[in-house]
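Common to both upcoming complexes is chain A, partnered first by chain B, then by chain C.
Here is the complex of A and B:
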């Protein structure tokens, strides 16, 4: 009896710190953004958020979707960054990880060099790319001027082009996910490759039929990370364009509405937060579906 | 690290010539991609007048004025100290809280175990930015706005799902007999955790800690939101001040970037073994 009570006390005590973390930084804020998304709450009534009337509960959502000028721009950008992230980073990570797994000379060196940009913060990377894109002394400008000598504009202010300028500031630096994948490739049993060799799986076939199917769960993780980091992009936007010329992201407008703006709109920032969570979950679901193991197995079966 | 034998499935002999050529091209390309931005900034930081020889032009002579200014005027060491304190304390607190929870969840059956696991794992899908205002408000109401304590508080609860998962999975691999034996020897629950399980789970906790620390060291969003005073800022946060504080002093700006970027690179160069092993779950040796 005493033993059992001791155990219960022990378990409870050990769970308290983690549960406090969860309640304070996740449960309570989530509850707050959901509830206040139905309230009027801005710089005029900071201390007393007020529910909208019964017929007008969705006022904030309506405002965000139909009136707020930057929502659709931000949503489009964030979704495109997510898509670009998956389309470029997944194949890139896979190719680099497979190449590095061969254990060729210099591959350890190349691996360590490739992680370097991931070790320095994306804030520093953003600031460095701001210099690279500089219209007066940046090397990128020089390359463009090779082709059109009269070009003097800043590419960061050119709508459409600046989207890609931001993409190139982060999309190739996936050292950490490459190492995750590399670890997974290293843990494939050598016997499988031996068996594959007998069946004639060499070169590209070996990777397509043995390596890739076996590391599929990690590829799914890489895809999820690429999509979510693209969808939540903020640092690069802040440093490169600060949201100018059509480059706002969802995170950017949340922060602007909640903190930076001179007429802060807490409830509306929280409303966009709710939308961000929902769309983020949908993204994860889509990726889970696209990379689901059942589908992969079927595809393998058809080919065999 | 984990005591696993190094599995060598990458016999260089089995790589065909065409594959090797392709592999070296890929390796060369990733090295260029990774190094170009940094090399350019270092090179340009030696130019006294960046506008006189812009872009790819090599510096006329090595000008160190920018670096002298960075060390005499900017007081860069302070920001490194702030970053180090916030990242390290955040990591220690987070690892303490979540190794305790992960241990209990991995090794004991109790009511609510499923719900607690589900809740913590679900946080993986909650973008921190969505909670910007509530968390900002919470820190403000707790009187922790513009303090490093507030930032450490956020960092303790930052990205908890990954740490929890990594540590829980490690605890789950430890054989049950060890606990049984300790219990028969008269250890109480706390003693079993502290004296038996925690030492065995060290590699798992270490992996989680390295990952967490690296994330915090580079964290910008909250650092730039919670801290307002310059002297309390972390390294990523101070970078946002650079664009305005240097205005037209390009040489000073580039030198400052180099000084900010080099220490983590050096640190990584000497400890790449740990980072690589941690990231690959122990499968890749450094």
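Here is the complex of A and C:
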């Protein structure tokens, strides 16, 4: 009895730091964001947010959803970038990881080259792509002009096209997730491949029926990371277009309201923050659902 | 037992470590903004502590400014630091130590402090707006009584009118943000285009731009659009109704005929100029102008020092209709929470920075437009053998004697509004863009933004 009690005390003592950290640095800010989204909190009362009261509780939400001119544009873009992240980054990461796992000649060199851009900050990447897309002397403009000599516009200012220009500035840089996946592939027991070989699993079939199912949990993690980084995109937007021509993102407008606006609209920024948190959770839930073991097993059954 | 003691010790040390780590942490809002200014703040803290140590128990007046660059990066910065140091040396024996601290992100430090309900002792906003939050929370000192008592109205110049908020003067900028334009006189002559000094209307300007495009060599473009365009828009709306650029943006202004006319005119010129030649940072065009590719550089008088590489005649001018843009913007701003001795020294510093002696140095050495209206720029330039000073004097004289000197809207309309207008003008520069539709979008956006 005494031993159990002592064990409980030890467990509690070891849990306290983590719990306190969680409450102070994770739960409290989120709670503060939610609470202040129901307050008036701007340049007039920065040090003392004022609760709107029950009757006007949704004032900020009403403003953001019905009046703020950039919310729907930003939400649409952020969701599209999240989707594009999953659709492009996940297969790309998987293919590159599988190819690198083959141990072909120069694969170590190729792996290192592939990872280098991942250690460059997205802000620096944004600046590099700004030069690449420069309409007066950028190489991409010159390539376009080889095919269309009369083309003189800036692609960063052309609505629709600029969406993809921003996508290309981040979507191919998935070195970190590739390494995650590569590690997982390397941990697959060689016996499984040998057994598969006897059953005729060679070439593409080997990857489809052995490698991919066994690294599925990591693919789910890669998908979650790709979706969230696309959904939270900021630096590329800021450096490439500064939000012009329909390219604002959710994170960009949060900064606009909280920092750029001379009226320091913290409460409205936090209102968008709440929406961002809710949609972020939904995204993770959707990915979890899409990669749920039951669904994958069912799909496997259909194939069989 | 021994193991238990060790485990207990480990658990306690973890807990203690965490508490020490958390000790003194500020609010999450503070933490976010602090991240951006960590490096400069650390440097500032070190400098302050050194100053305190050196000055014993004396009070310290910390003055944050953004002249942190070395001479190679920006030769003006060490000169300004020298001016500040001379003031510090002159008051070294006083009851308060003056400590000028160069930081990269003055606004970050201010935003951080204001969010926490305080304000740095004294800062130089360098033309940026004083945060409304600092004014509404009464964190900044009203200098009007001091300026009046000392008879410094002519020394602070247009600060006295343009920076007056409800009868209070919270900031004095020693240099003015004065804007006209610079042009390549050789390119205009070669193309047969009417030069800016002859432009009476924006149609004249548009015609000149067209002539430059038609008569110029390959790779030559008429003007630097984007950030330059909002300056044109600002000057045009000021020409049509000067009052609009003086007050906060209202729905009446947004929906006025003048607003629509100015926007559509500038947007049409931008579209003809091409989206490749539009950027929200006018500095992007500096090298093109010096290389003779950009014929008209829509930048301020301070640009006078940047044409050393140009192999053609650079001329200053003002906007069509003889309009210039000039505003002090935010400058020297004092905290309202200082002691009497600190406040006295801070006010003395404002007096020093706007004095004839320092203002002459700001013109001759810093190559900026001084706020002091008592000094004669032309006679100062005549006595100088520096070409930059002569060019600056010419640009300042043109701007200061324009028929209309219009306030810059970014200071009174706010930076979010400014970004919205620049973005919309830049979007219009793409071929085939419907300018009327963009105007309607902009009006809706601005109406919502000011709501």
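By definition in this document, the second predicted complex is superposed on the first by the 279 of 304 C-alpha atoms of A that agree within 3 Å, B and C clash if a C-alpha of one lies under 4 Å from a C-alpha of the other, contacts with A are read in each partner's own complex, and residues count from 1 in each chain.
Here, contacts are C-beta pairs under 8 Å (C-beta built on N, C-alpha and C of every residue); 3 or more make two chains touch, one makes a residue touch a chain.
As the structure is a computational prediction, the values presented were derived from the model and not from experiment.
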- Task: Considering only touches as defined above, state whether A:149 meets chain B (first), chain C (second), both or neither.
- Result: neither
- Task: Considering only touches as defined above, state whether A:157 meets chain B (first), chain C (second), both or neither.
- Result: second
- Does the superposition put A:200 against chain B (first), chain C (second), both, or neither? neither
- Query: In the superposed arrangement, which partner chain does A:55 touch: chain B (first), chain C (second), both, or neither?
  - Reply: neither
- Among the partners chain B and chain C, which is in contact with a greater number of residues of chain A? B
- Item | Residues of chain A that lie at the interface with chain B and also at the interface with chain C | 6, 10, 14, 17, 21, 24, 28-29, 32, 136, 141, 259, 266
- Inside the complex, what are the residues of chain A that reach chain C? 6, 10, 13-14, 16-17, 20-21, 24, 28-29, 32, 42-44, 46-47, 63, 67-70, 135-136, 141, 152-154, 157-159, 242-245, 256, 259-264, 266
- Task: Provide the residue numbers of chain B that touch chain A in the complex, in ascending order.
- Result: 7-12, 14-16, 18-20, 22-24, 26-27, 30-31, 33-35, 37-38, 40-41, 44, 50-51, 54-56, 96-98, 100-101, 103-104, 108, 110, 116, 119-120, 123, 125-127, 129-136, 138, 154, 156-157, 160, 164, 188-190, 193, 214, 217-221, 225, 235-237, 239-240, 242-243, 250, 253-254, 257, 260-261, 264-265, 267-269, 272, 275-276, 279-284
- Note on the structure: Seen from chain A, its contact residues with chain B in the complex are 6-8, 10-11, 14-15, 17-19, 21-22, 24-30, 32-33, 95-96, 99-107, 110-117, 119-132, 136-139, 141-142, 172-173, 175-176, 179-180, 182-184, 186-190, 193, 197, 202-203, 228, 231-232, 234-235, 238-239, 250-251, 254-255, 258-259, 266, 269-270, 272-274, 276-277, 280-281, 284
- Item | Touch list for chain C against partner chain A, complex | 4, 7-8, 11-12, 14-15, 17-18, 22, 25, 28-29, 111, 114-117, 129, 131-133, 136-137, 274-278, 280, 288, 414-416, 419, 422-423, 426-427, 429-431, 444-445, 448-449, 451
